[in-house]
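As written, the chain order gives the labels A, B, C and D, with residue 1 at the start of each chain.
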Amino acid sequence: MARNYFCQDENLIDKMEEECGVFGVYATSDDKVDVANLTYLGLHALQHRGQESAGICVNDKGEFTNRRGMDLVTNVFDEEALEELTGQMAVGHVRYSTTGSSLLSNAQPLVTNSIKGELALAHNGNLVNGLEMRKNLEQRGSIFHSTLDTEVIAHLVARSFKDDIIEALTHSLQKVKGAFSLIAMTEDSLVAARDPHGFRPLAIGKLEDSYIIASETCAFDIIGAEHIRDIEPGEIVVINEEGIKSKYYGERTPYNFCVFEFIYFARPDSVIGGQNVQLAREEIGRQLARETDIEADLVVPVPSSGIPSALGFAEESGVPYKKGILRNRYVGRTFIQPTQEIRNLKVKIKLNPIKDIIEGKRIFLIDDSIVRGTTSKQIIRMMKEAGAKEVHMGIASPPVAYPCYYGLDTSRRQELIAAENSVEEICDHIGADSLTYISQEGLLASIEANGYGFCTACFSGDYPIGEGEGKFSLEC
Amino acid sequence: MARNYFCQDENLIDKMEEECGVFGVYATSDDKVDVANLTYLGLHALQHRGQESAGICVNDKGEFTNRRGMDLVTNVFDEEALEELTGQMAVGHVRYSTTGSSLLSNAQPLVTNSIKGELALAHNGNLVNGLEMRKNLEQRGSIFHSTLDTEVIAHLVARSFKDDIIEALTHSLQKVKGAFSLIAMTEDSLVAARDPHGFRPLAIGKLEDSYIIASETCAFDIIGAEHIRDIEPGEIVVINEEGIKSKYYGERTPYNFCVFEFIYFARPDSVIGGQNVQLAREEIGRQLARETDIEADLVVPVPSSGIPSALGFAEESGVPYKKGILRNRYVGRTFIQPTQEIRNLKVKIKLNPIKDIIEGKRIFLIDDSIVRGTTSKQIIRMMKEAGAKEVHMGIASPPVAYPCYYGLDTSRRQELIAAENSVEEICDHIGADSLTYISQEGLLASIEANGYGFCTACFSGDYPIGEGEGKFSLEC
Amino acid sequence: MARNYFCQDENLIDKMEEECGVFGVYATSDDKVDVANLTYLGLHALQHRGQESAGICVNDKGEFTNRRGMDLVTNVFDEEALEELTGQMAVGHVRYSTTGSSLLSNAQPLVTNSIKGELALAHNGNLVNGLEMRKNLEQRGSIFHSTLDTEVIAHLVARSFKDDIIEALTHSLQKVKGAFSLIAMTEDSLVAARDPHGFRPLAIGKLEDSYIIASETCAFDIIGAEHIRDIEPGEIVVINEEGIKSKYYGERTPYNFCVFEFIYFARPDSVIGGQNVQLAREEIGRQLARETDIEADLVVPVPSSGIPSALGFAEESGVPYKKGILRNRYVGRTFIQPTQEIRNLKVKIKLNPIKDIIEGKRIFLIDDSIVRGTTSKQIIRMMKEAGAKEVHMGIASPPVAYPCYYGLDTSRRQELIAAENSVEEICDHIGADSLTYISQEGLLASIEANGYGFCTACFSGDYPIGEGEGKFSLEC
Amino acid sequence: MARNYFCQDENLIDKMEEECGVFGVYATSDDKVDVANLTYLGLHALQHRGQESAGICVNDKGEFTNRRGMDLVTNVFDEEALEELTGQMAVGHVRYSTTGSSLLSNAQPLVTNSIKGELALAHNGNLVNGLEMRKNLEQRGSIFHSTLDTEVIAHLVARSFKDDIIEALTHSLQKVKGAFSLIAMTEDSLVAARDPHGFRPLAIGKLEDSYIIASETCAFDIIGAEHIRDIEPGEIVVINEEGIKSKYYGERTPYNFCVFEFIYFARPDSVIGGQNVQLAREEIGRQLARETDIEADLVVPVPSSGIPSALGFAEESGVPYKKGILRNRYVGRTFIQPTQEIRNLKVKIKLNPIKDIIEGKRIFLIDDSIVRGTTSKQIIRMMKEAGAKEVHMGIASPPVAYPCYYGLDTSRRQELIAAENSVEEICDHIGADSLTYISQEGLLASIEANGYGFCTACFSGDYPIGEGEGKFSLEC
């Protein structure tokens, strides 16, 4: 039993949605596949990685057509839009970001036309020397049209002394530092590359003779493609009419895979390093149960993110699992009138307690993480007002005390409740009767991903890369 | 154990969403409540009862403003729209319907201005003599602008020999037959009425001194209102500056409440006749377990509708509960390219199996109902392709063999698989290893709603009203 | 020389645009004409009669499709919209109205479906007993959905004791009083009717074997149709597969044709009663010249409405005609920032003086009419600031001192400057050096329309119908 | 009398609208002027120079906000849009172009953010070495996002070895060749520059202490600003808090002002080189009369472009001026059904003959120019079908036989009828009874613009710049 009787908050839910998802397809000439449609389906499966913008760029014998919009994939693309996107290759992207940069000019794929040729880029991650590189390029007369790290790569390619666009891209990736899982499309090739630490997921699949690249394996499942393998840290893969080639463009450092992909980001049916995500989360819940001895009548998840660990927790502890909180399926861009003073309204728009289940019970409430503590506080108050006798909080991650520089929004991270407060203080703040975080060792032991090491910087402050090496920039 | 080793299908999921939800508020002069905002929140809580159109009509000292749109509540109304809706009373409506009548002119509230005064109507249910009444009115020179049953009531009011609009409305309700839970707003009163059989839910709540009317109690919870009581079959309630008055406008027949509200329609946190819906569904699951002796390794729900009964089933049977199917949260108006031949694509857009959980297991799959059998067939095939050793299907309702004339879409009901096929045939059709429906007695025994009797016409063909009494019409 | 040295203003320009235009086509089965396209072109030619809304209803073997929008014809209908409008008959309408009633629900054609069958109505004019009839219908239980006089006719038809829809329509027209030029479309017939005074224009044309009905002959010219004759006051014409039939549904009173159609409304290339409108306006200008002896260096029109009479005036008087004022072709819904204090800005958005022409000259400025005087005042001030030595104003109509109840917007008419002021006072108000109105006799003598008498109520207050006969209502 | 009895065509009307208009304002700190509103009004006055896109960029203490749209100024900007555009400086642009480049990415002002700072550019004209410069920049790694010549200038500025942005801009203008009237806005200065030949107009005005730059003086008139002087060929003017400074950035060549600005482009109330445009056009008409001896009953202009010269022609010749053709004011993006076979439909959508004026007469028809001859042919046919006895065509410009490389669309110029045909052949083609072009000497003698020389390349093929000096590029 690790950190009991303490506390912290959660809006990681909000923040964690700031990731991106990428997808690419290269159809062999013999396959009759509709590349735009496959990308549409793949992005739909990756929608959880970003809901703000969606884009698909197709390549029809060297002619690029790019369509992007600020909405869900299924709203940006209708039948007519998809029919106009014809070709033999496609790259797609979904994105979420902070308000400041929520502009169409920041939507991806980013398509540029330079002396090296047309280039479409779809990017998940964050460069730590992005700002520095950008300043250097501007110094030499480059004009930027977005705040994307991706555009830094595009300018590096345009100015590279290498004539060949693939070589220019490889050369450019050697210059940037940070987290990136990148899909690039040139006039004749589809390229996938992963940073030397492997922070963000990226995998290769195959659909008959066609190659598919995607952030997560769930995008292969929806189109019936087979998952071949994960792309390795520091690897660049080039697919064109000569087939598929791979090389390492830089030093091979050990994996520093983002552990939050297993805790929260990735979709439960995805497989990373051979490990199914849902099963990992259930095991984290079982481990959390082993680390606490709080007595409770019911285990209740904060839906949806707390469900898998709550199921594991219930299994291990023998405490009955109950759906004591209902999630409203229709929460969109709900507008809440500021004049309306209704208690807990903000949380009740999303989550509703079932009084007849909760009343008079000692509840062990499970969530995946706490960021600012605001939502946890509201949920616990809502539970108590619905009649809960005690509310004990269990968290499927250690305290998040340090900002992430590799793809999560850091602007809100100053507000990390665990940065300045002890677990007791957090527990007190959110009004829980106790607060249990899983230990870092327990967490890592729960995930059996072959050959994967993990970045735990947000818990420990041990950054695998960055602080000494350049200014952090902020893009996903 | 009732009907085992047989089968049927489910698209009831689709069909069941064709209900409507109604909401009304009357603010006392002392309360400073924003009636449009309360209605917005109430309709948001009732969104599961209809996603096609949403509308709010406010009454500001006798002046009506009505705004309707073909979308979710949160999309139809933004901050600006709500600010323009000021008043002391409001009526709101959410609706789903079949394609044919999916027109803005069919969205509600319906507002008419006749010699009796302004009248806003929001209606849930279906009149069985609606078409007959409509023809009679047209014969006498009335001009209709929609295909709504609600407009029949509006014309009856306009032509009533009673001068007072409330009396004219009461008089009109005596003439119509069928299912209706109605909220009406006149220049000075808010009126709520329920048909003599009480087919559809309707309840009264209170927020300080203001009165609230809603289809379900979950709409009270979100705004912090207190649930006072359900409106009785045959009762009409009038709220105005003289206070609240109630009377019975017709004969009081026993309750024939739609049992599907407990099986599928109503929100799990709502309370009907004192019975919480989620708990009723868990009990139905427990009863289903008692009625079968199939051996299985795992209980897996078809999300989201099968979850509560699967939890109850697992509890009673001791078979472990597992989330073996994931539901994609972002399913909107997904467009599926007809040219793309991907196996099980239609179902995979919504539901995704978790292979590592399912593989090699005997699965007891639980859903709430089967309508056409198409979706069940696809899910079972998908489960088997994901490696399930056996797939046994359990259904939390008896076979749906007869169309509903009281508020569900009957146009698709010709396709009811249980109308023409035995349970064995259905089981065979959907490809399950066994099929178990709960018995009607078991179902009814699981629901402890005080004083409520149930309409089970869709299982038994015993229609409480209708066939001999006039033509059925089709509106929700 | 009639009324010299006096004055009045003009915004009749604005007001006069509140007319409507109607168009109908009946294609014989042998003609392969695209009725929607002909109606589109006809309405385009009639666009000057109303710019606020446009609508086309087609009839395809009894099935009606109606499309209306709040914009110019060419914006409401694009290629796709027109392709969806197929049939053998069509009715179209363009409309301008005051802000209050500027709603889509007031756009025409009005289509109603009653016991008599489907009926589409397109209407130009104003009923003087419209309000009275409406109240009577409401008393008997009719529900109205617009503020249109046209809807009164629709309800009269629905309630008529005549079973046949044409007879019911004829019967209804006998009950209404006022100005109307009406086109009606039933399931099998196209009907055109003109009120017994013939206030508004209406003509029949022929395109090969197909019949065309239109407000003005310019709508025949654009489609290459031949103008057969004008429809007579009190005449109703029915066209169907039995051919064309005509009868008089009421007493035949002499023509009281709106003289403002010749002064301002009608398009210059239209022919009414055999008289070309442009030539009539030139003759009015010549007559105005005969009635004044003001000395001037240049005759300058207020464009566009003053151009024809200025040309006639210059010809008769020998004073040179000059385009001293330019009209901006791109005036749409220009937004003028209220904070910007620029002299004469409102008029300069539309009209611009050419300083090098005006400077130091005595200008005889010609406009068609003065309503409120505001615009005239601004134009004269603008001319003087541009260097005009003297500005004498000549008006191609007598003072407008009385409101119109037959199709013009009367709500602004309280502001008629000539209602309360002498010509000298008006001249003083607008800042002209002199003001000359044409005399009523001179005006009427200038127009040679065979068999046509004129309504001059707005000059004389002699209303051919109305004041004793019922309440005025306000619709166009 | 010059070229009589011959012919040529006109669609110059269409083509000539491919110009651009520019506007800029610098407010002194003491003036309380709304720069966005002034720009809106100025662009409205310049709308005739381009109707495809409109844009305004404001500068609020160094912060730029740019709004552009594909529509008329009054449609792109409404009250809300203007209110959001606050600042002390503004630059605006209106544009028309060929279909190919009709994209929002080609709308101006073009705003770029480079190492030199923010820069907004609004540009009228065409660079003859634009394509060459662009290729050179791309070779060095610049990435272009539009096909605009303007972007070439932006990249030259970003890469200039001069640190100061004004110096970098001056330096860049020395490198480009062709026609340009440019307004630039930096963080603290407003800059105006005109190419060394002065092909396109550009003038400075003053509104109290604020400076205004505009393509034409009509933009000063609408806002009440005073016209100070024209900007000289090769001059660059910088306005900032130190006041206004001017210098010549290149050699001063004599004026080669586009003569078509006087014939067609410029607005009649504008003044260029001290010459009012309307008066110049009237004088051109008088000169045309002196150059012909054709006998006719009436002079009729093709509206609107032929009106001023027709007035001058009538005055000089004594032949009566008549409005025999009416122009439809509501011609927008009219859609003409391809299936409808109506004679002369395309021209009748815009222009309508007045039969009662034309019939039996010998018409002298006047237009400003003939390009392809298609429209002239249709108009003449339409006039003859309306009963004209003879149609003689007079053109207010010499034959247009050579494409323009300085700002007009050259893509259509291959189709110039005068390039390959004699005047007799053109006359025959368009079906006129005679065709008279004004002589080049007569044309130039009619325009008294102080110090201005003219480019007559489109008549003579004598290009002041270009053919030997680099590739032509195509932008306006």
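As a working rule, a contact is a pair of C-beta atoms (placed from the backbone, for glycine too) under 8 Å apart; a residue touches a chain by one contact, two chains touch by 3 or more.
As the structure is a computational prediction, the values presented were derived from the model and not from experiment.
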| item | value |
| --- | --- |
| Co-neighbours of chain D and chain C - touch as defined | none |
| Distance-maximising chain from chain D - centres being C-alpha averages | B |
| Computed distance of Cα centres, chain D from chain B, in Å | 64 |
| Chain A and chain D, separation of their C-alpha mean positions in angstrom | 53 |
| Mean-CA-position distance for chain B and chain A (Å) | 36 |
| Overlap residues in chain B, where contacts from two or more other chains coincide | none |
| Residue ranges of chain D touching chain C (in the complex, touch as defined) | 34, 37-38, 40-41, 44-45, 47-48, 51, 72-75, 77-79, 82, 218, 221-224, 267-269, 271, 276, 278-279, 304, 307-308, 311, 315, 320-323, 326, 328-335, 337, 339-340, 342-343, 345, 348-349, 352-357 |
| Chain C partner contacts - residues on chain B that touch it in the complex | 112-115, 138-145, 154-155, 158-160 |
